[in-house]
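In this document, chain identifiers A, B, C, D and E correspond to the written order of the chains, with residue numbering beginning at 1 in each.
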Amino acid sequence: NLMHRNHMLPESASLRCTVFNDKGDLIASSKDVKRSTLISEYGLFPRDLRKIDKTNHSVEIAPSISVRRDSILINMLYIRCLIKADTVILFDDMSLRSSRAQSQLISEIETKLKSTTDSSLAYEMRALEAVLVSAMTNLDAEMKVHTTVTKGILSELEQDVTSDKLRFLLIQNKKISTFAQKATLIRDVIDELLDNDDDLAEMYLTDTLNNKPHSVDDHAEVEMLLESYYKHSDEIVQTINSVIANVRTTEEIINIILDSNRNQLMLLGLKFSIGLLSLGAGMFAASAYGMNLENFIEEDHYGFPLVVILTMAPMAFLFAYSSKHLRRLQKVTMMDHYKSVREKF
Amino acid sequence: NLMHRNHMLPESASLRCTVFNDKGDLIASSKDVKRSTLISEYGLFPRDLRKIDKTNHSVEIAPSISVRRDSILINMLYIRCLIKADTVILFDDMSLRSSRAQSQLISEIETKLKSTTDSSLAYEMRALEAVLVSAMTNLDAEMKVHTTVTKGILSELEQDVTSDKLRFLLIQNKKISTFAQKATLIRDVIDELLDNDDDLAEMYLTDTLNNKPHSVDDHAEVEMLLESYYKHSDEIVQTINSVIANVRTTEEIINIILDSNRNQLMLLGLKFSIGLLSLGAGMFAASAYGMNLENFIEEDHYGFPLVVILTMAPMAFLFAYSSKHLRRLQKVTMMDHYKSVREKF
Amino acid sequence: NLMHRNHMLPESASLRCTVFNDKGDLIASSKDVKRSTLISEYGLFPRDLRKIDKTNHSVEIAPSISVRRDSILINMLYIRCLIKADTVILFDDMSLRSSRAQSQLISEIETKLKSTTDSSLAYEMRALEAVLVSAMTNLDAEMKVHTTVTKGILSELEQDVTSDKLRFLLIQNKKISTFAQKATLIRDVIDELLDNDDDLAEMYLTDTLNNKPHSVDDHAEVEMLLESYYKHSDEIVQTINSVIANVRTTEEIINIILDSNRNQLMLLGLKFSIGLLSLGAGMFAASAYGMNLENFIEEDHYGFPLVVILTMAPMAFLFAYSSKHLRRLQKVTMMDHYKSVREKF
Amino acid sequence: NLMHRNHMLPESASLRCTVFNDKGDLIASSKDVKRSTLISEYGLFPRDLRKIDKTNHSVEIAPSISVRRDSILINMLYIRCLIKADTVILFDDMSLRSSRAQSQLISEIETKLKSTTDSSLAYEMRALEAVLVSAMTNLDAEMKVHTTVTKGILSELEQDVTSDKLRFLLIQNKKISTFAQKATLIRDVIDELLDNDDDLAEMYLTDTLNNKPHSVDDHAEVEMLLESYYKHSDEIVQTINSVIANVRTTEEIINIILDSNRNQLMLLGLKFSIGLLSLGAGMFAASAYGMNLENFIEEDHYGFPLVVILTMAPMAFLFAYSSKHLRRLQKVTMMDHYKSVREKF
Amino acid sequence: NLMHRNHMLPESASLRCTVFNDKGDLIASSKDVKRSTLISEYGLFPRDLRKIDKTNHSVEIAPSISVRRDSILINMLYIRCLIKADTVILFDDMSLRSSRAQSQLISEIETKLKSTTDSSLAYEMRALEAVLVSAMTNLDAEMKVHTTVTKGILSELEQDVTSDKLRFLLIQNKKISTFAQKATLIRDVIDELLDNDDDLAEMYLTDTLNNKPHSVDDHAEVEMLLESYYKHSDEIVQTINSVIANVRTTEEIINIILDSNRNQLMLLGLKFSIGLLSLGAGMFAASAYGMNLENFIEEDHYGFPLVVILTMAPMAFLFAYSSKHLRRLQKVTMMDHYKSVREKF
């Protein structure tokens, strides 16, 4: 029952952060920062912290880019990041599976912030670009894994439909649906930001800090930056959606094929029945002449071939008759149905 | 990783356009025009350009006719076009499949703009009409392909239901649903424009340019022009919807027929079983008399025919008895059910 | 490509109308009236005309009764009609199938307008009543056809369930659903009008013309008139809904019966298998004694009957054993399931 | 065509009513009262009358308790009643099936109104209570019938699942769903009234008549009265909902059982096939030795038992081999699937 | 008919309560308190009491934490509790199954209220925490039962899929869905409270009583307290949701496996048919030579082995031919379908 007491302990009130200074130097790596410090120093609300912390447990949290008076708060995939005009704080994700992406993100941010070629861009823009590059690279990689795996299953299914492959397609289908949702949310977040002039203008944190706030219309630079990432995410969404449509069509076609296969198995079974029935007729005739009774042609020289040939007759008749019946059913037609209905009503 | 840098390059900020002057002459073909030029010279918003550019990747974008102070922006099928009182700018679609429609559109616009018989119509009206003619011709052609193909499959299915044809119907069904949605959106865009007096009046760009703005009620000319295209698109929507309803009914009927066919195959299999069972009875009797045991009628002259005839008896009995059972099940009736329930409850 | 030019031709701008004067005389039958005349003389909006004209193609248009300052515009089933204080204009429906209903409507309107017994009612009320009578008569007739046909199929299905009948039920089900929707929309239009005091009071066109406008509460006469037609349409809706519920229940019961029938066919097949299996056992024993080998009882007098009887034993055993197995499965019970689960968990 | 004229006849404008005076005496039984009288004397609106009259045709009308300035109008189940401070008017339902409930309601109202023990309650409260008692008694009785019948079917199904019983469960399921909806609507009407302080205070008609209107908070008496009926109706709703949940669970379990039964029938059929196949092998061997050919052991003393025993060998082998195959399929396991997929991908 | 009178009896107007004073002493256990007392003394509304009482019958009531001017009313799981600055009233739940949780709650509240270590917390906060601890402990326990049982069924299903286990999975699935809904509602109630600054500030009842009301921003203490329980409930919701997703995936995989199993049973049946057919061919040949007719090789020394070997030929042919047919169908492929369609259309 320790759980319901830990809100008393001061440690629980801290988050593990990685901090970059205005030169792009990594001044603190995975440092525990108190919640109260974050709130007082960086102008965050307790609500923001809750949102950031919430992601420990639930992955399905919607991505967001919140533009504040003097900071940009980004919550996207494994990235939870606060960008200010002279500081970048990266909140660490404890879960293991994103640790590699996390370290790539750290080096990307450092490179960008220290970069001299991009120095025409303000500090916050470079940080934002580093975050978006990392997110897109990650999305891209995941998309490539999904499309490769899915195409592999689909091409295997084209050769041979087995329940194992169907099962794997089902699981893969779930995964790409989840990914498509994730990618669409990220695209929509960027799209909404692009449609919001106020937020775009407020993103010039350095200029705002230097008392040169941008007017609502003056945001060409950041708009173009965001646009290129919007297009990239849109491409990912389009690609994954076409993969999903592909999977769905394949599934529906497989259903038709399996249905038809089952019908053909039924038909084959009926053909075997016809064969057995014909042989049965022959056997009956033969066993009749095998009875220890006087059949008057015992000694006849032509008895054997005659009876064998005559025995073939009912066999052939039964075979022909049954086959005709089956063939009539084998060809499923809508003609008769229309006709009979027209006659009746 | 070149992708996330290309927003820096000036070329990426241009669109390929085809421009017509006020005489209808093609003054620029597939010329690259800078985004900034488009925004400053033609009074477009960055948002409009994004919308136009967006269509590179996603085809599902909703059509739109936006009426501005001094221009009409049309986004419809493969057409993305800006009409002004003295200029028409056509934004090129890079994708190959619409290139033929695109060149037809260019010649249509040129013809209309240079036309002398229609000279009573203002410049912008003639351009608008050329665009709508091109769009409708395209929709019409696509509709005809779809209806022809669909009717072909349906008539083939009437003769013979196979899984190949069902599979093809499934794919065709998806295609016509997509087309119906596309056509409906276009019809609705025209319908909404017709219901909006302000927009209709503002569409007289030449008169507005000459300081003779139309009042909100004064738009009979453009209303009639749009109405005829509204009717045409409505006809297309009605036709394609009736095709869809036709396909759905056929699918449901096929399901009933396939179900009934499967039942008939089951019944046929049972008939074969009856035959085999009867023959089995006969064979048992015959093989009993075939035993190397003394059956006391070995030498009897009437033994053979007698036993054969007597052997037929259980065969006939089994055949009749089984057939009766089957016939009772073959005729599915609701009568007994009602009765027995009434008795019970 | 004539289509996209016909908005230029003046004829296309006219509608075919039938006009009654204030005496009820038919002063114009199927006369072509220009759209512009209709708009200027009768105070209609271009929008109204579009709505009236739209019905050429699409039947699914929602019915409406629009009350204007000096006219009532009715759009209901095949009826498109403008009622004024001294004129009734009936817009002709070009489609053939409603031509008989149309001519009945014309004679009904003429009779009503010339009627002396109803002369206590104002001109517009008599016209309105004629329109409603015609619409209700038509709905009634269609409902009777649908209920008769549906009941016929249902009673046929009670005797014998075939795929032809199921197919016909499916098609009929679609038809009555469409009809129910149509009837419900008409009932709701009248109901809404009854709930709208303003519109009811404004419907006294003659009094309004004579400068005696009715107050919002003073509409007992028209309310009672509409009420009786409301009740009639409500009855039709109730009847058709109970027919639909009937069809749905029958369909669900048929599904249960077909399922049970399929199970019974399976059981019958298994019974045949039991028979064949038993005979097979007998045949094996008999054919063993039919071998050309010394079986030591060749000459025994009691050999034949003994072996035949002994042969019956495995047959009987197999028959009894298999039948027991089958019987156990034939009676589907939930008992064992409950028990075994309780024991397990 | 008399129908569309009857709004002219004065009789159609009357309702059949039963009236109680302020002493609780039945002063008029099934008297025809003119609509106009009801409107003028009792302050009803034509709309109220329409609602009351509407119930002739449609049973699905929503229940309602409307509190007016000087009357309470109740529309619930078969009850349509107007309560005033000194009069109770009961509108007769023409339909036969509720006539007994109707007469019980009349005697209940009379008893309550004349009651001396309840005389502390105002006239309108006693009338309201009588109405609610009658409604609840009726709901209760119907619920008991439904639960008894449903439990009967469910317990019958536990012993033996037949299509007749399933069919009956289907019909019963529909009935209890309709009833649950009806009961829920009544509970919600009382709940809404309880949440509406204004209406509760206005229900003291006698006090209002005596110019002692209750304040919005002063309605403890009526609130407690309604509360007890609210609880009763809530109990009914809860009971019927638990019955519905029970039915649904049973249906889903039956589906699993039927599915499993079908699989077991298939398995039994395969077992019979195995038997027949084994016997066939034996028969072939035996009939081979039954050929009229020299097999060299004709005279051997151990020939017969030897061949019979050797014949058993292929039979036993086929039986064992086939049974093994079947047993492997009989035990449906997910293990192999997981393994094979892991190996493949 | 006692039911509809019990609102007259004074007892029915009381609730059974357990009361704690400001020292945390249990001053009244399961005491009947009049509704009127509760309303007048504790400032409750009749509506609150109804809500509390309602839970007798329906379990599906939504949880709520209502913050009042001088009290907090909690309705959560089996807990219905009123917290004031110096009193805690616990309303007893009559139902038996929650009695143990109830007594645990009572001891938890007493411990907390008397606790000296937590004395830094105000009286109402300690009471609130006790309530939340009890609710979370209960949710946790229920979650553990559900996950354990579900995992047990899933692991049993991995070994062997039987209808009993499927049935149990179905029932368990319903239970965990209900539980997930319950847990989600509780989490959302806490989340909403956390997002509402006003309510959080008003929860400092003691300070409000001492005329030191907290400002809207001043609620760090209670926010942190609620947050830790929010996280706990969120963890429960996440866990149960992943269990549900697990169950759903297993169900879908089982469907694929059962389908594949049914196909394999069909294939096995066809293999048996092939065997029987081949044996039938052999038997026919053998029985032909068993006829009592002159076959000219009776005395031939090589007749027997020759005929047996020749008899094997049609058997082998039939076996090979049928098996080839079956193998072709056994491997379900999409290849042919694509090809044939491409050729046709």
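The definition used in the following text is that contacts are C-beta pairs under 8 Å (C-beta built on N, C-alpha and C of every residue); 3 or more make two chains touch, one makes a residue touch a chain.
The structure presented is a predicted model; accordingly, all values stated were derived computationally and were not measured.
In the CA-based superposition of chain C onto chain E, the rotation angle is 145 degrees, rounded to steps of 5.
Mostly differing positions are employed by chain A and chain E in their mutual contact, as under half of the interface residue numbers are shared between these two copies. Averaged C-alpha coordinates put the centre of chain B at 42 Å from the centre of chain D. We define each chain's centre as the mean of its Cα atoms; on that basis chain C and chain D are separated by 26 Å. Shown for chain D are the residues in touch with two or more other chains, namely 163, 167, 253, 257, 269, 273, 276, 280, 283, 287, 290-293, 295, 337. Partner chain C is touched in their complex by these residues of chain D: 1, 3-4, 6-7, 12-13, 46-47, 50, 53-54, 57-58, 157-163, 166-167, 170-171, 174, 253-254, 257-258, 261-262, 264-265, 268-269, 272-273, 275-276, 279-280, 282-283, 286-287, 289-293, 295, 297-301, 303-304, 307-308, 311.
Those residues of chain C whose C-beta lies close enough to touch chain D in the complex are 129, 132-133, 136-137, 194-195, 220, 223-225, 227-232, 234-235, 238, 249, 252-253, 256-257, 259-260, 263, 266-267, 269-270, 273-274, 276-277, 280-281, 283-284, 287-288, 290-296, 318, 322, 325-326, 329, 331-335, 337-338.
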